[in-house]
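Below are two complexes that have subunit A in common, paired first with subunit B and then with subunit C.
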Partner chain A sequence: MSAVPVDIAAAPAAPTVPVQGKIGLLRRALQRKRTWIGLVLSLLVLLVAFLGPFLTPHSPTAFVAPPFTPAGSEAAAFGTDILGRDVLSRFLAGGRTLMVLALLATAVGVGLGAAIGVIAAYLRGWADEVLMRTGDVALAFPQIVLALLFLSIIGPKLWLLVLMVALGHLPRVARVVRGAALSVVERDFVRAAESVGIPRWRIMLGEIVPNISSTLAVEFGLRLTYSIGLVAGLSFLGLGLQPPTADWGLMINENRIALTVQPWAVILPVIAIAVLTVGTNLVTDGLAKAAVGSDSGVRA
Partner chain B sequence: MRRMLLKRCLFGLVTLLVVSFVVFLATQALPGDAARAILGREATPERLAALREQLNLEGSLPSQYLNWLGSLLQFDLGTSLAAKQPVTGMIGPTLVNSSVLMLSAAVVATPLAIVIGTWSALKKDSAVDHATGIVTLVLAALPEFVVGILLVLLLSTGLFHLLPAVYVGTPGQQVWNDPAQLVLPALTLVLAVLPYIVRIMRATMLEVLDSEYVQQARLKGVPERTVIIRHALPNAVGPVAQVIALQLAWLVGGVVIVEYLFRFPGVGFQLIDAVANRDLPLVQALVLAIALFYVVVNLLADVVTLAANPKVRTAR
Partner chain C sequence: MTASAAPACPTLVVDRLKIVGVPSMAVIIDEISLEVRPGEILGVVGESGSGKTTLGLALLNYCKSGTRVDDGSVTVGNEDLAKLDWRAVRQLRGRTVAYIPQSPASALNPALRIGTQLQECLSGSAETVLSRVREVLREVALPDDDAFLQRYPHQLSGGQQQRVAIAMAFVARPALIVLDEPTTGLDVSTQEHVLRTVRDMCLNYRCAAVYISHDMAVVAELADRIAVMYSGRVVEIGDTADVLADPRHPYTRRLLLAVPDLEARRPMLGIPGHAPSPLARPTGCAFAPRCPMAEEHHATEAPAPVDVGPRHTVRCHKAHLRLPPVSVSELPRPVSAAAAGQPVIEVRSLQAGYGPIRVLRDIDLSVQAGECVALLGESGSGKTTLSRCIAGLHTDFTGELLLDGDPVPASSFKRSRDQRRRIQYIFQNPYESLNPRRTVGELILQPLRALHGRVADPAEVVARALEQASLRPDHAYRYPAQLSGGERQRVAIARALAAEPEVLVCDEITSALDVSVQSSLVELLRQLQSRMGLTLLFITHNIALVRNIAQRVAVLEAGRIVELGAVEDVFARPQHAYTRSLMQATPNFQLPPGLHTPVVSTATSDAR
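For the complex of A and B:
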């Protein structure tokens, strides 16, 4: 996949109002069926995760019936788990933290990564070299192992989990954003802004960032999908929320030994995570397809 | 070419040095007193002092690091706090097990992905191509432990009862003695790396099929089969090699959760166990081993990419 060379004469003029590009991207993405399907799937799970905690029939940590009461019983629609807690209530209550943590980690990771990428592309020279070489070293380390190392030493703190997932995204985002920003930096309107003495930080925020908004949108979607998987995975490993709190990753871990007796306690959270990640990835794919040709034809 | 390789090797070494420093900082310097963190609040001063000495916690930070690095280079990774055994002996067998698992996944995934990608490219815009596109998109989105559990539900506890859901082995038994136990963890890893290789293979193949030399061969009347196998495939595999190698490097990290899920006796499972026991020397050794593996596979990826690219191969 290489950057599409844009015929200068045929290329549209640089947008005078950069915001239009953003709305155009969304509109183009929504012309694809898969973007819609992805949106519906993601919103469905988000709805369950954020409204669920208010709809639980029982307390998610209370003993309601003997352990492994089968699904369809009066006390518990989806049965009870290994400790006799209501599976449905735990499922409804257990998604919110995962969503919040994944969104936070993505926002921090993509925000900081984009800042580093834009700064490296704009300043060039030794700053670029130092930032990108440091990133290369960070890339030579599996994201999950780094998170495991620090979470095991400092302890399963939620802020640390967010930080580690975000830090894992940072060098990857920075590399992509730098690539996209490089060709914007060379454009005339940046020169023009420099010549009238606009400060550098305002050029980066006001001139460069709006012109790489498609890249940023795609990158956010991609990293969000990975964040959900990583946060859920780390919580599955026992490094996120701690028992007895209801949490999808934790639920899967607690109940997987009883998969044959009470499969719902595993199936519900697994399906929810699967539907959500597939949904966000479909939206991202739609955005990426729509972004080809925008962003001054930079997107690879 | 030789100079580029040397440069990559040097970069790998620097990376390992940085990794060792991070591991050292994280495990020994960051949380205040590692010895107290392990022994708890009620530890006697004598026991604290003894553990501090065992963990190389005496002296200034730089000298601690150099001591630690020195013993590391002599393959002395310390003594496990939980098992009271030398760490070096403990991680040997698990490294072998993980390698077997990753290798079996790689051996299955690579040719399979190349075939599917090529097929999809040849049948561009057909139902097969669209189905492949959707399936790879879905698989790429799913976290690997979700894929693993769905496979367990499908093949061992729910619909079919074909394969064991978790690894059950007796001590001393080698993992390859009972291949049925390897299938689910390996299959999970295969499904995790497959979509990326398929997608890049398809894209590269489409580019190659559109090239002048393929059209020339067709115009000459070369049979389509020969065109694809002799002319198109060799030229497409080169660019794909790097993605394959990167995916295999990813396996080194992805194996952690998958091993934990299937209780497979490899480095990943051991690492989670060591983390739960706060077994610092073992955690250090395992993280370093994983990093070493990662750097080596990445280096191989660079070598393959360089070797596959004629422009670089012939350049000085």
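For the complex of A and C:
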């Protein structure tokens, strides 16, 4: 007879609880209809943006017919724009840059913002104060004003556009992430890691970040929605891509005076941007709803 | 103290109550039938997940979201709760049936003054209401002056808060009162006071009470009748004296044996195996997989309730049989190492605190190699702070900390690898101390990787650590969320053992766990101590545990060690008034002889 009533001998199947991980989050999000609708809408626009440049009937910069040719004409299915270029071709070619810029800006902004948030939450003390108070100052400026200021001083460079949109996200992301990380930092497994001397940066990456992954996913989706709007807006204001390049923001700006004569050159990019924004928002919403309770309070 | 009421009119009758989860239809509690008479206290005992809180809430006609009553009825007085409309239910709660929840701090509205909260359940003229409030405050031994009525909950101590909660429950003279673990989280001396208040109030008001608890010792002291719950069913119910003297369900008996003896005259015994998950309750006898008398068909056939005595019912296939004795073999108790020789850990004139608040003063403590020293104290005594100082997790202290005679830096980050390896810390709450995003295998390797970089043979290290902590090899691939509380704490122990420590600091490691699990963990620690020569620093508030595991004990009161010595001496002849008061307040749970036959073997029996 064993000295200890060991669990092994008589143990039936131990209570099994489904693992909650990143996969679990996505699966739970996909149980909601809104996530599916959002995914379909976003993918639709993404397909147009990334495959479109290969499907243009004409060169997006070539003059194919007189200006303001109405839609349905033989030369141009959606008519021509203010300079006589094919609207459909410009629409198909003009989305890719917007997508790439928005994704880049979001990745940079959320990445850096998350880093700052986690560092502030973990180190606390003066580092927390300095980081978060600086963020508060940055928050005082509307995101687009800050971008306008630097873009008009330095000039409409694409890298600057990405950087400015990213910097605009930074303090906002940092706040949210810090809040989520604070509850994780207080938990004992972080103390356990400290007691065996795991370096602080590895504690942040290995112990804290995996436990706020749902927050990060939600934050990425939300900021992507904002990025799309901001990049398109800055292009519209002439601070993004320069003419004669095809670009959705530029298209809206160039053709808005002719809205009553030839509306398609404005309507097509507007619909695309609107659908994409709604789509990413719905996906984010689904993720956020699935993430409730999955990060901080994982208890049996 | 048994009520002498006419037995014909019980206050509460629960008849074949069944509550299921929605939409899963998982059975949470089933076939619950019980009755409570006026002035009678029914203790409902069960381990976590047994459905006792669900039952308690159902008595208020309340179901947690995601659950609903599927069958059966609850009758209070003459009213069937299921037939009441919401208006009547609102009248019922707080007036006919009152509830005292587990945590008084969260039960009292922090924004309302004590007087306002107490008046909420009452109607009538302001004068009669106020005089009633003062009356009930006097009855629970709280001041009844205006100054007290003006206070907010945060200005009261935990014990006072709980007594306010009791006063709130009794203020409207309810017929039935439901108490859900009202003393969990309170110190023993406070607990004793609260229990006495509850008993007196129930007698005064001839009020029926249902007292839900996981603590058999508390229930044995308080209740007139005991209902033992296992996996959503009442497996045994009867008068307290009958159940304690002659438990007829094997689970009841193992539960009784799992309670540590205050005088450590019998060994602690865990219950092997697991309770079934609340998500997948078996159709047959739920205890069958852990039962020594189980036959094959028991797992599929549910046992019917059998009357074995007056008002004593058991749900067991073999209720008519005498239970076979549980045989016990005991490890030799490690004798206290001779005081000679270098202590492994030495603390000299340590003072620690949080900012300006000092929580530890003039602590001198030395721990010899191979011994187990217990730090005994109530909440706020500074025992956890002391253990965290030793583990390098609390750096705000002055004084000396020596490991094998060499001074150790305060912060774990400043300690050498070897120093970090030699002291390993196990946390109180295994639900917090394991990163939910790592598998058990990764968790066990974590300290090793931090100490040595790469690990030569990770699979073997994990397997060995799991074996030492009595876990199965396949646990390595699980995530903490897939494990029970006891298994998680074993993983935490395995993680500490993998680093090959010399000193294991155990901070209240059993307080978050069920009593059956607690016993097997203590057994495991004792085994590790005697086999591997580990030195243990065991932090606890539980005297019975100290007597079962430690060779020496340091009693902490308000940041000072008031008594230090060999366990037998300290408890046989306590010198300090505080030690004596602690011993007095602890419920002394005595089992009748003959419940077990200890087979004491001196040879170390081979584990598995």
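Throughout what follows, the second predicted complex is superposed on the first by the 276 of 300 C-alpha atoms of A that agree within 3 Å, B and C clash if a C-alpha of one lies under 4 Å from a C-alpha of the other, contacts with A are read in each partner's own complex, and residues count from 1 in each chain.
Throughout what follows, a contact is a pair of C-beta atoms (placed from the backbone, for glycine too) under 8 Å apart; a residue touches a chain by one contact, two chains touch by 3 or more.
Note that the structure is predicted; figures quoted are calculated from it, not measured.
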item: First (subunit B), second (subunit C), both or neither touched by A:R187; value: second
item: Subunit B versus subunit C as contact partner of A:K289, first or second or both or neither; value: neither
item: First (subunit B), second (subunit C), both or neither touched by A:T225; value: first
item: Which of subunit B and subunit C A:R32 touches, first, second, both or neither; value: neither
item: Touched partner set for A:V196, first subunit B, second subunit C, both or neither; value: second
item: Partner chain(s) touched by A:N211 [first = subunit B, second = subunit C, both, neither]; value: second
item: Subunit B versus subunit C as contact partner of A:T280, first or second or both or neither; value: first
item: Interface residues of subunit A shared between complexes with subunit B and subunit C; value: 1
item: Interface residues, subunit A side, partner subunit C - complex; value: 1-12, 14-17, 19-21, 187-189, 191-198, 200, 207, 210-211, 213, 298-300
item: Interface residues, subunit C side, partner subunit A - complex; value: 269-274, 276-277, 279-280, 289-290, 327, 329-331, 391-393, 412-413, 415, 417, 420-421, 424-425, 427-429, 431-438, 446-447, 450-451, 470-472, 478-479, 481-487, 492, 495, 499, 519-520, 523-524, 527, 604-608
item: Interface residues, subunit B side, partner subunit A - complex; value: 11-12, 14-15, 18-19, 22-23, 26-27, 30-31, 137-138, 140-146, 149-150, 152-153, 157-158, 165, 200, 203, 250, 252-254, 256-257, 260-261, 271-272, 275-276, 278, 283, 287, 290-291, 294-295, 298
item: Contact footprint of subunit B on subunit A as seen in their complex; value: 1, 34, 136-137, 140-145, 148-154, 225, 228-230, 232-233, 236-239, 252, 256, 259-260, 263, 266-267, 270, 273-274, 277-278, 280-282, 285
